[in-house]
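Next come two complexes built around subunit A: one with subunit B, the other with subunit C.
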Partner chain A sequence: MTQPDNALTHDTSNSYYPRLKRAGYGYFQLAQWSVIFSKRALYLYLLLWLVLLIAGVFTLTQGSVTISFHDFWLLCQGQGQSAQQLLMWEIRWPRLLAGVVTGVALAAAGTLLQQVTQNWLSSPEVLGVNEGATFLLLLGLLLSPVNMLGPWWLAPLGAVLVGVILAFLAGGIGGRGYQILLVGVALAYFTRAMNDLLISRATAQHASAVHSWTLGNLANSDYTELMPASLLLMICLVSAIGVVWHLRLFKLMESHVQSLGIAVRKVQFAALALALVMAGLGVGIGGPISFVAIAAPILVARWLPPQVLGLGNSCMLGATLVIVADTIGRVVLAPNEIPVGVITSLLGGPFLLWVLLQEKEVKH
Partner chain B sequence: MSTEKVVDCSLMTQRSGFRRCFLVMKYRLGLSRQGHRAWVNRLLLVFVLNLLLAIASMLVGAGYISVQDSMALLWSWVTALGNEQSLVNVSPTVSVVMETIRWPRTLAAMLAGGSLGLAGALMQRITRNPIAEPGLLGINAGAALGVVAAIVFFSAEAGLSYMVGALVGALAGNMVIVIASHRVQTSLSPLRLVLVGIAVNATGQGLTAMLLLTKQTVFDQFRFWILGSLAGIDLARVLAVLPFTVIGMTVALLLVRPLAALQLGDVSAMALGHHPSRIRLGLSVVIALLAGSAVALTGPIAFLGLLAPFLARLLVRESTQGLLLMAFGLGSALLLAMDILGRWVMQPFETPVGSMLVAVGAPLLIWLVRSQRLQPMGSGGGR
Partner chain C sequence: MGFIAGEGSKTLMAVAIKVEQLQVNYGSYLAVDNVELQLKVGEVTVIVGPNGCGKSTLLQSMARLHRPFQGQIWVNEQDIWQLRPAQVAKQLALLPQSPEAPGEMSVLTLIQFGRHPHQGLFRQWSADDEQAVQEAMAKTGVSNLANRSLQALSGGQRQRCWLAMVLAQQTPVVLLDEPTSMLDPGHQLEVLQLVRTLARQGKAMVLVLHDLIAAARFADNLVAMRNGKVVASGAPREILTSALVRQLYDIEADILMSPEDDVPVVVAKSLATKEVA
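So, the complex of A and B:
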C-alpha cells in the first residue's frame, strides 16, 4: 500500500498531468491507481441526472390526474390518499421505471452498434434488430392460448436471431462501410412485413392494442417483468463498460488496434452481442421505440471531446428522451394517449434528416 | 440522333393539322425511328401475361364460387360484347361477386401496380440510383398520411377526395426528397437516399399512426389498407383514380426524350436544348401523381417500384420509352400475381399484398447490395 515515491507521483508535478488538465481532463488518484476522466463528460453526466430527475418528477405528477407537489411530497413519505398512492406507486412509478430501462438499454445498444460498425447511422431500428425482437413477441402472442404477448425475454432472443442473420447476409460486421446498413434496412423491411402479417392474423379486438404496442408503448408495464429485466440490464451494462474500454480505440485503424494487443474480433463480437441483447431487452419492456438509439449517442457526441465514447452519458440521455416523449404523449391529447414510439418517430424522422444533411456538408 | 431530329423537325414544319400533330406525337413518344425493335415483342408478351393474370384473378378468390361458374360468366361477358344477348344460366351471386368484388379488384391491381412500377422507373432515372422507389423513399408514406388526414379532418368518403389527399401527401413527401437531394448538389449515394427515405417514412408513419389511434373506427377500417391491400375496393374508387393514372402515364411518356437526355448528364441535356431542373420538377409531379393514385387505391405498397423496373431493365436495354412501358406492364403483372398468391397462400385468411411484395422485394434488395450493383448509375449506360 505504501509505495508513494515512484515515477507516477513524480510525473504529476512534471508535464503529463498539467497538460491533461489544460485539455479539459481531470484525474483521480489513489495510491498507484489513477483514473483519467473528461471533465466535460462528468459535468454533462451530472446535468443529465438532474434533467432526468426533473423529468421523472414531472411524469409522476402530471397526466390525466394531476398530483400537486404538496401531495407528491406526502406520497414520497408514504402518506397521502390511498387512491393517489395507488396511482403513483402502481401505475406511474412502474411506467417511469420501464421508460428508464428502455431508454438506457436502447441508447447503450445504439452506442455499441455505432462504435462497432464505426458508422453514426447504424442503430437497432435501422438494422432491423427491433423488428426481430418484435417478431418473436408477436409470435408468442399468436401461439399463446390466452392471446397475451410473449414474455419479455423472447425479445432479446429475437434481436440476437436477427443479428446473426444480418451478420451472415452482410458477410461480417465492422468496417464494411454501408453494405451492412443497406442489408439491415432490407432485413428490417422484411421483418416488419412478417410482423404485419402476424398482426393481421390477430383477432379484431386485439389488433388495435397489439398495433399500439408495436409502435412502442410504456403503458401496462408492471414490476414482475421489470425486476428481472433491470437485473439483466445491469449485468449487460457492467460488461459493456469492460468492452467499451477497448472499443474506444476502434476509431483508429484496425491494424493499429491490433498492434496495441487487442483481440479485435473478440471485442467486436462481444460488443455486438451486448448491443443485440440490450436492444432486445429495451423492446421487450417498452416496445420498439424508434430513434432513441440513434439520437442519444449522436447528440451526446456533439458535446463531448472526440476521444470519449460517452456510454454513460448516452444512457442517461436515452432514458430522458424516452421519459420526456412518454410524458408528451400522455399530456398532449389527454385523456387519449399517444404511444411513446409515435412521438419519438415524429421527432426522430426530422432529426435523422438533419443528421444526414449535415454530415454531407462536413465532408465537403 | 441529330440528323434524325432535323428530319423530324422538317416533317413537322411541312405538314399541318392532324397529320402534323400525329407526327409530333410520334416523335415525342420516341416511335419515329423505323425498324424492328426486340423490346416491342417482349412488351406484347408482358401484355399477354397481364391478360392471363387478370383472367386468373377473376377466377380465383374467397367465396364459394366454382371456377366453372366464373368462367362461364366471363365467357358470357365476352360473347355479350358481340351481340346483345341476355346473360342466362349463371346464378345472381356469381355475377354480383364478379362484378362488384373481383372486377374492381383486378382493375385496381393493374392500375396501382403499373403506376408504382412506372413511378419507380422514373425515380431511378431522375436520381440515377437503382434502388430509388416511392415506397422506400417515403412518397407512399406521405400519400397515406394525406389520405388518412383527409378522412379524419375532412371526413372524406368518396374516391376523389382520397385521391386529392394522396396527391397532396405524395407531393409533400417528394418535395422533401427533392430538397434533400438538391441541398447536397451531387446525387446522393444510394444508402443516403434510402436513409432520407427512412426519415420521411418515420415522420409520415408516425403522424398516420397518431391520427389512426385517435380515431378508433378509422383504424378498424384501415388496418388492412395501411399495409397495402386490395381487399374491399369498389368500382367508383377505381374510376375516380383512373384519370389521374392516365394523365400521369401520358405525361411520363411525353417526357421520354428529355428523360433520355437527362441520362447523359445535366450538361449534355442542356446542350441538347433541355432544361434539367424543369424536367425534374415536371417528373416529380408525375411521380407524385402516379404514386398518389396507387396509394389512394391500395394503400402504401413498397418494393414494387424496385422490382418492376429491375426486371424491366433485364428485358429492355436500349430504349427509355420501352423501359417505362415495360415497368408499367411488369408492375401490374407483379401486383396481380402477388394478389392472387396472397388470396391463395393462407386460405381462408387473406395476406395483404403489400406484405407479400416486401417478402419478395427485400431479398432482391439484399442481393442487389451484395452483388455490388449499387454504384450510382453513371452517364450513358442503360442500367
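So, the complex of A and C:
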C-alpha cells in the first residue's frame, strides 16, 4: 500500500483525505460540493433507522387486535379485509406517524437547547417550554367547550411565547445560555402551576382526560393535523442543519467560536427559535411527552465522537423511544392504555441512569 | 532591527493592523483608553502590563469581539466593523487565554476547526483545507499526534495543537493571549521560537505575555499598558527601563543586558515603596 498522505502534492482530486479517513471520517464530493461526516455517526444512524423500522412494524401489527405478518404483507399491498385496512391505515398508521413526529420534534428541540447552553440538563420540559405549549392548548379547551383541546398549532405559539418571556426575563441569551437555563427552571414551575389551575377549572370528566393527555397521547391523531405538522417539522429540520454547522463549534469557548467567524448570538438565536417551534410542535401532536427531549441526545452522545452534534441520530432515537413506549403502553394492559409519557419515564429513566453509571465505571 | 531588513521580502514592514484612538468600555469602566497602535507584518508584537490593564481586551477588540466605544481598527486597510465576522476570521486568528475543548476530541478534529471560516455547509473539505491542516501540523510538530485525544496529551503538546488550529486558519495576523502561561521553560521557548519563525515567514504575530524576560527577548515591538493606556512602545532595548517596570507593576527591578546578545533582562527585586501623601 502506498501512503499518499506523505506526499505534499494535493492537486489530484481524491488524494487529500486519507488523514481524515484514518481519523474515522467519511468524505463525499460532487463537483465543488463536499461533505465530511463521522462514519460512526452514519452507522449509528442507519442502525437506528433499522430499529425504528422494526418498531414501526411491531406497533402496526400488535395491540388489542393482532395482525399476522401475512395479513400485514397483504395490507401493505393494498389488499386484506376492510376491517383490518381501517385499523391499520386509519388508526395505527396515523398513530405511528404522530409518534414519529413527536419523537423527532422533541429530540431535535432537546439537542439544540443542550448545544446552545452546552448543558445536558436543558431541555424543553426543564425550561418550561413544553408547559407553555400545553398552556395555550388548555386555554383553547377552556375558551371553546366543544373541542377537547385547542388546535395543534397553538402549541408552537405557546412555546415561542415562553421563549420570548424567557429571553426577556433573562436579559438575552447570555454566555452559554446560562441565564436562560436558570430563569427557565423557575418559569417552568410557574407555567406548570398555571396549567394545573386550568385543569382544575375543567369539568370532572374533562379534567381526567386532560390530565392523561398531559402525560402524552398519540391516540387521537389524524392526517389533517399530521400533514401540516410534518411539513413544518421538515422545514425546521432542514434549517437546523444549517445552524448545526456552526453550532458544532460551540464546545469551544465563546470568544474562540467568535474568532472563527461565527456570529455567536445569531446562531444561538436561530437554534433557540427552531428548538422552541419544534418542541411546541411535538407537544401539539403528541402532548408533552417527558424524557425524550432530554434523554435522546444524551444517549446518542455516548456513541458518537465529541465533534458530532448528533441531531439526526437523536431524532431517530427520539422517534424510536416514543413508538416503543406507546406500543408497550397499548399492549401491556390492553384494552386499557398507559399514557406514553409514563412509559418513557418509567423505562427511560433507569436506562439513562444505567448508561451514565456505566460511563462512570469506564472512567474510573 | 537588522535581522528583519535581511529577510528581503517586499511585504515586510507593511502595516497589518492599525488601531486608531480606540476606546473600549465595560459599562462605565474604560478598559482601553485612547490606544494608538501599528502592528507590522513580519514582526512579533508583545503586549505587557499588570493584570486588568486592558491588554486582553485590546487583543479581543482587534479580533472584533468587543465593539469599541470609539475609534477604529483597520486590518489590511479595512475597518473590521465594516466586515462580516467570517471575513474578519480570514484576516485574524485569535487564540484565547486557556482555551477549552472536550478532552475526548481528537487532535485532527480540533485543528480542522481552524478551517471553519474557509468552509461552508456545502464545501466542508477541500484540497486547501487538507493542505492548511497538514502544514499547520508540520510547523507545530504535531503530525504524529493527529489521532490522539486531547486528554492524552501533555500541556506542551496540547498548546502546540491549539497553535496548529490557529495556524490552520491561515490568517495574515495571529493574536495569542498568554500562549505560554501554562508551560515549562522549555515548552515556552518552543512556542515563542515558533512565533518568531512565523513572523519572519510573513505573518504579523501579536502576543500578550506576563513574562517580561521572554517578552524582551522575543518582541520586535513591545507595547506596555497600564490602566487601559499605552505607556510605552518600541524595541525592548530602547524602552525597557527600571522606571517603566516601576510604572507598570509598582516593583523595583534591575535591567541587565544579557552578556552574549545584549537583550535586556528584567530582574525584579522588591515592591516599590509607595509614597505616602
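Keep this in mind: the second predicted complex is superposed on the first by the 321 of 364 C-alpha atoms of A that agree within 3 Å, B and C clash if a C-alpha of one lies under 4 Å from a C-alpha of the other, contacts with A are read in each partner's own complex, and residues count from 1 in each chain.
Simple rule for what comes next: contacts are C-beta pairs under 8 Å (C-beta built on N, C-alpha and C of every residue); 3 or more make two chains touch, one makes a residue touch a chain.
Owing to the predicted nature of the structure, the values given are computational and were not obtained by experimental measurement.
Looking at the shared chain after the overlay, A:Ser255 reaches subunit C, while subunit B stays out of its contact range. Of the two partner chains placed by superposition, only subunit C is touched by A:Leu20; subunit B is not. In the superposed pair of complexes, A:Gln307 makes contact with subunit C only, with no contact to subunit B. Of the two partner chains placed around the shared chain by superposition, neither subunit B nor subunit C is touched by A:Ala31.
Look at A:Leu46: by the touch rule set out above, it reaches neither subunit B nor subunit C. Annotation for subunit A, partner touching more residues between subunit B and subunit C: B.
After overlaying the two complexes on the shared chain, residue contacts for A:Ala193 are found with subunit B alone; subunit C is out of touch.
Of the two partner chains, subunit B is the only one touched by A:Leu357; subunit C is not. Remark: subunit A residues 121, 126, 169-171, 178-179, 181-183, 185-187, 189-190, 192-194, 196-197, 199-201, 204, 207-208, 211-212, 215, 290-291, 333, 336, 338-339, 342-343, 345-346, 348-353, 356-357, 360-361 touch subunit B in the complex. Across the complex, subunit A is touched by residues 136, 176, 180, 183-184, 189-192, 194-196, 198-207, 209-210, 213-214, 216, 219-220, 223-224, 227, 302-303, 349, 351-352, 354-355, 358-359, 361-363, 365-366, 369-370, 374 of subunit B.
Residues of subunit C touching subunit A in their complex: 60, 63-65, 84-90, 92-96, 99-102, 104-106, 108-109, 113-114, 116-117, 120-127, 130-131, 133-134, 146-147, 169.
On subunit A, the positions that touch subunit C within their shared complex are 5, 8, 10-11, 16-17, 19-20, 22-23, 27, 32-36, 241-242, 245, 249, 251-253, 255-256, 258-263, 305-307.
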